[in-house]
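A quick write-up on the structure given underneath.
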Amino acid sequence: MKLKTLLMGAAAATALSPAMALAEAHEGERGRDGQLNIIYWQAPSTLNPFLSGGTKEVESASLVIEPLVRFDENGEMVPWLAESIPTVENGGVSEDLTTITWTLKEGVMWSDGTPLTAEDAVFTWEYCTHPEGGCAQASYFDGVSSVEAMDDRTIKVTFNAPKPFPYTAFVGSESPIIQKAQFADCLGARAPECTDANFGPIGTGPYKVAEFRPNDVITFEANEMFREEGKPAFATVTFKGGGDATAAMRAVCETGEFDYAWNLQIDPTVRADMIESGGMCTEVVAFGTSVERLHLNQTNPSADLGEARSTVEAGPHPFLTDPIVGQAMSMAIDRQLLVDIGYGSGGTVTCNVLPAPPAYASTANDDCKVQDIEGAKALLDENGIVDSDGDGIREYEGTPLKVLYQTSTNAVRQDTQALIKQWWTELGIEAELRNIDASVFFGGDPSSPDTFQKFYADIEMYTNNFAGVDPEAYMANWRCDEIPGPGTQWQGSNIQRFCMEEYDALVDQMAQTAGLEARAEIAKQMNDMIMQSYSIIPLIHRGGVSAHANSLGGVRMNDWDSEIWNAKDWYRTGE
Amino acid sequence: MLNYTLRRLLISVPTLLIISLAIFLLLELAPGDPMAQVPLTVPPEVKQKMREALGLGEPVPVRYWKWLVQFFWIEPLNMIDNIFGTAFAAGEQRVLSWQTRSPVMDLVLQRMPQTLWVVGMSYIVGVAIALPIGIYSAYKQYSVFDQAGTFVSMIGYSVPPFFSGVLVIVIFSVQLGWFPSIYDTTHRVVDWDTFVVQLQQMVMPVMVLALQTTAQISRFMRASMLDNLNQDYVRTARAKGMTEQVVVMKHVLRNSMIPVVTVIALGVPGIFGGAIITEQVFKVNGIGQLLITAIQANDLPLVQTLTFIFAVLIVAFNLIADILYGILDPRIRYD
Amino acid sequence: MLDATPRKKLVEVRDLKMHFPIFAGILRRRVGEVKAVDGVTFDIYEGETLGLVGESGCGKSTCGRAVLRLYEVTEGSITIDGTDIADWSPEELRKMRPTMQMVFQDPQASLNPRMTVANIIGEPLDEHRALSKKERLDRIYELMDHVGLNRDFANRYPHEFSGGQRQRIGIARALALNPKFIVCDEPIAALDVSIQAQVVNLLEDLQNEFGLTYLFISHDLSMVRHIATRVAVMYLGKIAELAPREALYDEPLHPYTQALLSAVPEPDPALEAKTERIILKGDVPSPSNPPRGCNFCTRCPQVMDVCREVDPEFREVRPGRYVACHLYADTKSAAAPNAARSTRQPSEPLRE
Amino acid sequence: MTDRPHPEDVPVAGDETAPVIHNPVGAAQPVGRAIRPPRSQWWDVWDQFKTHKGALMGAAFFVFILVAVAIGPLLWTIDPTYIDIRARNTGPSLAHPFGADQLGRDMLARMLEGGRTSMAVGLTAMALALGLGTLVGVLAGYFRSLDGPLMRFTDLFLALPLLPLLLVMVMLFRDSLRSAIGPETGIFLLIVIGIGITSWMPTARIVRGDVLALKEREFVLAARSIGTPSRRMITRHILPNVLSPIMVSATLGIANAIITESALSFLGLGFPSDYPTWGSLLRDGTDYLQQHPERVLWPGLAISLTVLSVNYMGDGLRDALDPRIRGR
Amino acid sequence: MPDGAAPVLDVRDLKTVFLTRSGEVHAVNSVSFDVRPGELLGVVGESGSGKSVTMMSLIGLLPSPPAEVREGQVLFGGRDLLSVDADTLRHIRGGRIGFVFQDPMTSLNPVFNVGFQIMEPLRTHMGLGKKAARDRAVELLELVGIPDARRRLGDYPHQFSGGMRQRVMIAIALACDPEVLIADEPTTALDVTIQAQILELVKELREKLGMAIVWITHDLGVIAGIADRVMVMYGGQVVEQAPVRELFGNPRHPYTRALLKTVPHVRGERAKRLEVIQGQPPILGAPPDACPFRDRCDHAFDRCARENPQRRPVGHGHDVACFWDPAHDG
C-alpha cells in the first residue's frame, strides 16, 4: 500500500514535523499533566540499551536517549535528532552507497544543559564497537568503517562496502546516541562498571532519570532542556516492572492504577473481557516483522548419530526434506484458530516468513490460510505416504512419521503445540511435545544439547523477526554457510539447515541491489523459495499488544521502534 | 554462655564456607546462559565477548576465590566506606550482577525496605495474631474457639498464597477498589496521608502472608501451652491462690514462650526468602522477587550472593534462637 | 563364724571405675569427668544376694550396669564365672550374656511397648537359642508359669498390665536363658507397697529354685535387709562399708551407714519415738567435683582433720567387714588379728 | 510408689478390658482357654483416632481423593489432552462436569490427571523425605560417633535456603533430566527428589531426639543386656517406637510437598504446562479468575482440601499416638 | 492434741469422679474426715487409693474436665468451700490453706526465681509491698533452714538441690501463715537422709507455728514418726481412722493389718518371709456397692460382696469400715 512512501517518502517525512503530526495535540506548559504510570511486567535491568538488548531495556531507555531517526507506526522513518533523512537524491548518501552524512538538529541539548554534538555520535560508535565492550547492539554498526564528526552538527558514516540500505547506525531505538562526557571513561571492559551512567544515562529525550531501581521501578521527570516547547505533558513518569501480563493489564483496565501496560500476551478472551468489564482502557496493536513459525529440521537429528546429529554430515532428514510432508503438515493447521486462542488481536494468520513491511510481503502462499486436513490427507495419499501397518501413523518409505516437536516454555506456545499435535494426529503424523526453558533454549550455550541452534529435534517453534524495516540481513539467515554445526560452535542462523544454491545467489544479488522495488522483488522471491521448500512453516504474524488508559492521549502503537517512541506527545485527556 | 556463643560462632564459619562452596558449585552446573536475554540478532562473536566480559573465561577455583574475597572483604569495606566516607575499597572489583552490571549489594540494599516493610510487618502481624489465638485455644482446649482456630489456621496453611493473593486482589482491588493491586516501591511516607497510602498498599500482601505465619505460630503456641498447662508448677501456682490470669498469662505463658520464641526467631530468615510468591503476586519487588528474576535471567553472581545471604541469615538466626533460649530459660547452661 | 568350706566366688569386681567425661569450652575439650563409680571392689558368692544400697546419684545403678558391661568401663576388672570381661568387645560379650541378666527399675520403661509379652520374653531366646516355634512358645509359657503370669496374656502388650505384672514379665525375660547371675536394679522402687512384697518374694523363690545369684540394688534399706545376704553401702561413687547383713544393721561402722540407717522411719510409733536420729547436714556433693580426702567429710558428724586430706582405704576392719573410714585406722584393725591386712578379699558370706 | 492424682493416669488403667481389674496376677488361671489373638496397639490408636472428628473426616476425604485419582481416569475416560475446541472456556455442563479450559480440554479429566501427579509427588516426596530423615535421625541418635557429623550435616542442610535452592535446582537440572529419562519421569523425579532432599531435616531432628530418648529407656538397655546386636536393636526396638513422630511427619510431609509442587508450578519451574498438576491448573486458572471462576475453584479446592485433610489427619494422629492423650 | 477443739477443716461425704472416654472412674467415694487446729493428720494409701484426689478436690485444684466433684461439703472457717465463689476460694487457697507437693523438681516454676515465687502469694493475699514481701520471703527461707537466704532469693529452682527445693516449697506454702497445710507426699521423691531433714523441719515448724497439717504418704514409717492421727484410704474411701499409736498398735481393718505386715523393717525382728497382699488395688467404674477390698481380703465373707461397709467407731477415737471383727477370730 505505501510501497512508494516506504523509503522514498523519507523526504516527505522531513516535512512532516512530529508536532504537526499531532495537530490536535493538547498544547500547554511542560509537565502540566502530572504523573504518568507505565507498567512493563518485565522490569528493566539497566537503562543502557547497549549493555542489554532486551525490549524492556531498550524501550525504557527510549524515554531518555534518542537516535537520529525513528520509525513511526507505519515503519516510515521520522527524523528525530537528525534534521532530515539523507538520501542519494538529497546527497546525504554517496552515489557509491558507501557513506551517509547526517546533520543534527540545531540547539539540541543534553539534559545536563550541554549541547549535543557530532562528537557524541562518534563516541557512541566507538563505545559500541569496542571489542571488549560486548555491546548488545553492535550489529547496527556492522560494515561501518568509520564515523566522523565533520563539524559540530555533521556526522559522516563510512561503510566498508556499498550499503544499499544505510539507515542502520543511529537509527531506531536500539541505536541511540549517548553522551560522550558521561560515558568517556566507560569504554570497553569498563562499560559494565559505570553503574551510575548505565542506570542514569543523560539524554536528549523528553524525560530524564530521577531514580533507577534495577528490575523494579524507574522514576523519570520531564527534561527541562527538551527541545520541544510544552513537552512532555507529564511532569513525572513511573515505569514499574515486575509481575505478570494479566496483573499489568488488570492495573490499567480494571483498577486504573496505571496508564499504560505493555505486551499483554494473555488469553484474548480474558483480554477482551477485562477491557469490556473495566471500560477504562483501550487496546492498541502494532505489527512488525515477528512471525511465529515452525522450523523443519532438514538434517537427521537421530540420537544414534551421536555428535553428528542435526549437522550437515548427518545427512538429510528421513522425511522432512520432502516438501510434500511439510506441505501436508502446513495444510493441517488452522492458523486462524491458533490466533483466536493464543493471540487475538495481537496476531494475524500469515503464510510468509517475511510478512512485512507490506512491500515485501508475498501473496504467493496464501493458500495456507485455510485449514484443509482432508486435502492434506489426500496429498499424502497421492504421494504414497500412507499408513501401511495400521497403527494410525503414516510411513514415509518405511519410516513412520513421528516427530519430536520442541519449543520454549510458554503457555501460549504449549497451547499451540497441543493443538497442532492434535491436527497432525488426525493426519496420521505423531508428534512428541517437548518444551525447554527459554533461557536454555535461546541461551546459545554450546555445551547444552537443548539450544534451538543444536536442534536435536525434528521440529521447533519460535518467533523471529528483524529490527528495522530492511530484510536483507534477515533473509541472509538461510544461506548454506549459516548452517550451525560443531565447526562454528553451533553459531549460525540457518536453523532448519536449509541449503539451496539458487537461494544463496539471490542473497548475493540483493546485497548489490539498491533499488527498493527491486530489493522487494528479490526478497519476495527468497521468501517464496523457503516457503515452497516447506522447511519453514509460518504460523502467525505476531504483533505487539498493549493497552492504555482511556485518559491517556497520543499513544501511537509502533512495532518498528520503541512502542513508547512518541511518549513526548502523550497527554492526559479530559476523561 | 559466652563460651557457647563463641563456639557456635566458630562452627558457623566452616558451615558457611561449605554452604557457599556448595552453592557455587551447584550454580556452576547451570546449563543456562547469561546471554539468553540478548536478542537473536546479536552475532555470536559479540555474545562470546560479552560472556568473557562477565568473567566467565576463568577457571572455577579462581572465580570462587574471587567471589569469596569480594564478598567477605571488599563488600564489608565498601559498607564501611559508605558509612564513614572512607575509601578503603576504592577501585576494588565488587560482586557485580551480570544482568544489571551493578554491585549486587546495592541491589540487595535497595530491595531491603520493601521486604522489611511488607514481609517483616506481615511476620509481626502474624505473630501478634497467632499468640493470643494459640494461648486461648490451648486454655480452652476442644472448645468451639479452639476448633475454629484450628480450622482457620489449617486453612491458612493449606491455601497457597498465589491463589489467595489473586483472590484478594480481585475482590479488594478490582471489585471494591479499596486497595491498590500493584505495590509502589517508590512511595515515601512523609506525612499522615502518605502513611495511609502506605498502609493501604500493604494491607493485602501483609494479610495474605500473615495468614500463613499465624497458622504456623498459633499451632505451635497452642501445643506449647498445652504442654505447660499440665505441668506440676501450674498446680502449685493455683494452690498459691493465684488468679487464672496470673497462672496462665504469667506462669504458663512465660514457660510456653521459650520454645515459641525460638521458633519465631528461626522463622525470621524465611521472611527474606519465603515470600517469593507473595512478592510476585503483589509486585512488591523485594528480595524474593530479586532472586526469582535473577534465576530467570541466569544472573549467577546475584543468585549466589542472595542464596548465600539467606544462608548467613539462617545461621545467624539459629544462633540467635539458641542464645534466646539460653536467656529465656534459666535452666539452660551452656558451657 | 567362718564356714569351713569356702564358697565359689561368682563375681569379682576389682577397683571398678566408671568416669563420664565432661566436655566444655569453645573447642569442646574434656575438662573433667563425672566419677560415677570411682574404684569399687567387691565379690559376690554363688547363690548369695549382695545388696547395694545408697542414695540417689551415689553410683549404685551405674555400678550394676558396669558389672554387666552395659558400659565401657574406665578402669578395673570384672570377673564373672572365672573370666574377666572388663575389656571384652560387644561380640565377645554376646556369648557371655546368657550367664548374666538384669531386672530393671521401671517395669513400664523396661518393656518395649510395641512388643507382645511373648515376644519380650522370647527375645533372649531368639538371640541366643535356635528353637523351633513350638519349643520357643513352650519355653515362654514355662517362664510365664514360673513368674506367675497367666499364659493367656502372652499376646498382650505391656501397657495392658499393672506394674507388678510388668515386673514379672521383666523377670521372666531375665530368666529365659537360665542365667547364673542377675543384677536387680531397684526392681521394686516403682511399685506400690502392697506389690513390692509380691515381687521380692518371687525373687526369693526363684533364687531358691534356680540357685541364682543376685546383685540387689536398692535405696530401700529395709527391703535390702530383708533380701540381702551381705550389704554394700555406696556413697558418692565409692563403697563406704561392706558387711554381712546382720552385722551391718546391728552395728553399722561407717558414720554414713549409721546416719543412713538412723534416718529410715519405722512404721511403729513406739519405736520411732525412741529412735535417736543422726541428721546429716547439707547435700551430697557433685560427683564431678568430689571433696578432697574422704568423700563423706563434708557431711560427716565425726569428721577429723585427716579426713579432709587423705582418702581412707577400703579395708577389712573386722572379719568380713570392710569399711573405708579413718575412724577404723590401725588400732581397730589390729583388734581383728585374723584379718589378713594384705588381702583385700572380702571373706565368706554369712548364711543363715 | 507415688500417688499422682494426674487425671491422665487414672483412665489408662480404667480400660474395662485390661486384665488389671479382672485378672489379678497370681490367682489360679483356668487352663485351656483360647489365647486371645494379639490386639495390636494400633487398634487403640485407631480407637482414639476415630474420636477426632476432624481427623476422621480428613482421612475419609484423603482416601476419597486417592481413590478418585487412582480409578477416576478409568471411569471418566475423556483424554485430558484431547482438545474439543468448540467447548473452549465453557462452564460446567453434562459433557464437561467441571467445564473445559481455554483449549476445550475437559477439566474433570485434567483434574484427575493432575491429582495423580500431585498425589504421586506428595506421596513419593514424603516417602523420600521420611526415609532420609529417619535414616539420618536413627543413625545419628543411635550411634554416638555418627551423631556429631550427621547433625552437622543436618544443620548444614537446614542452613541452606530451601525454596531458593529448590528453584535453582529445578532450573539447573530440569532439562538434562528430561532428556535423560524422558519428559515426564524426568521432571517428576527432579521435583520429588528436590522436595525430598530439602525437607528431610525436621524429621531427622525429631527422630534423632526420640531415638536419644529411647536409648535412655530401660527396654533398650534390657535388649543390650540380652546381647541384641545393633541392627536388630534398631529394627526391633528403635524403629517401631519412633513410628509415631514419623507418621505425624508423614502427613505434614504430604501437605508440604503438594504445596511446594504447586508453588514451583506457579513460578513456572514445576511441571510444564502440557503436563497438568493441581498446581499448574491453579496457576493457569488464576488468569481466568473473573471470567471462569470454576477454573481456579476446582484445583484450588482440591489442593486446599487435600492439604487440610492431611493436616487434620496429622493432628488426629498426633493425639492418637500420644500416650498421654490417648484414653482421655 | 485437744480432742474437743472444733475442727478447722471438716470434710463430709466428698465424692469425686473422673470422666474418661471409657466411662466414669470413681476416685473418691464418700470421704469424710476432719482436722483440728494444730493436729497432724496422716493419710495413708497406695497409688490410686484417692488420697491426693481427695485433697485436691477440697480446694478446687483438680482440672475440670475430666474431674468432677459430685457431692459433699468442705467446711472451712464456717463456709463450704465447694459452694463459695472462685475468688473467695482462691484467697483461701494459698492464703489460709497451704499446699506442698510431691515433686519439688517440677512443682516450682523453672523460669522464675524463688524469691518471686515466694513473694507472689504474699503480695496477692497479704497485700504486702515489694520491700515487705522481700523481707518476709527472707524470713521464710531462714525459717525453713536455707542458709544465706537473702542472696538465694534471686536463684532459680534448678540451682537448688532436691531437699532445698522442697524447703522452698514449704516456705511458699507457709508464706501467708495458713491455718491448714496439706502436704502431698512431700518426702517421697527425696532420699532418706534428706527425708529425715525435712521431717525434722516439719516437726519444728509445727511447734513454732501451730497450724494443722494433712500429710499424705504411702510410707507407714513416715506417718508413724510424725502423725497424731492416721486415716487409711483404699479404693477411694476411708477404711480406717485412728490416733497413731492406736492404729499401729491395734489395726482393725484387714487392709491396714496386711499393709503393716507386708513392709519389712530396718530395726528389730527380721521377718523370714514377707506377707503378701495378693492382687491389685481396684479402679472403680461405678460407685462401690461392695467392699472394695474384698477380692484381696483373707477374711472376706458373703456380706462383703453385697454391701459396702460403713465406718463405725470402735472406741479410742478409732473407726473402721469393715464387717469383720478381729476380736472374733483372733
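Going in written order, the chains are labelled A, B, C, D and E, and every chain counts its residues from 1.
The definition used in the following text is that contacts are C-beta pairs under 8 Å (C-beta built on N, C-alpha and C of every residue); 3 or more make two chains touch, one makes a residue touch a chain.
Just so it is clear, the model here is predicted, and its values are computed rather than measured.
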{"item": "If a chain touches chain A and chain B alike, it appears here", "value": "D"}
{"item": "Smallest number of contact steps required from chain A to reach chain E", "value": "2"}
{"item": "Set of chains adjacent to chain D and to chain E", "value": "B, C"}
{"item": "Pair joined by the larger number of C-beta contacts - C-D, A-D", "value": "C-D"}
{"item": "Rounded Å distance, chain A centre to chain D centre (Cα mean)", "value": "49"}
{"item": "Geometric centre distance via CA averages, chain E-chain C, whole Å", "value": "33"}
{"item": "Cα-centroid distance, chain B relative to chain E, in whole angstrom", "value": "54"}
{"item": "Distance between chain centroids, defined by C-alpha means - chain B, chain D (Å)", "value": "26"}
{"item": "Residue numbers of chain D (touch at least two other chains)", "value": "1, 13, 15, 20, 25-26, 171, 175, 286, 290"}
{"item": "Where chain B touches two or more other chains at once, by residue number", "value": "31-32, 174, 280"}
{"item": "Where chain C touches two or more other chains at once, by residue number", "value": "162, 164, 192-193, 195, 198"}
{"item": "Complex contacts: residues of chain D adjacent to chain C", "value": "1, 12-13, 15, 17-20, 23, 25-26, 29, 33, 35-41, 217-219, 221-229, 232, 236-237, 240-241, 243, 323"}
{"item": "Chain C residues within the chain E interface of the complex", "value": "55-56, 162, 164, 192-198, 200-201, 204, 219, 221-223, 225-226, 249, 259-272, 275, 277, 279-280, 283-284"}
{"item": "Residue numbers on chain A that touch chain B, as the complex places them", "value": "39, 43, 45-46, 51-54, 131-139, 142, 189, 191-193, 195, 198-199, 211, 213-217, 219, 238, 240-244, 247, 250-251, 254-255, 257-258, 437-440, 442-445, 447-448, 450, 464, 466-467, 488-489, 491-493"}
{"item": "Contact set on chain E toward chain B in their complex", "value": "59, 61, 90-95, 98-99, 101, 103, 106-113, 120-121, 124-125, 156, 158, 169, 172-173, 175"}
{"item": "Interface residues, chain B side, partner chain A - complex", "value": "31-33, 35-47, 49-54, 96-97, 99-103, 106-107, 110-111, 169, 173-174, 177, 180-182, 184-186, 280-281, 283, 285, 289-290, 293, 296-298"}
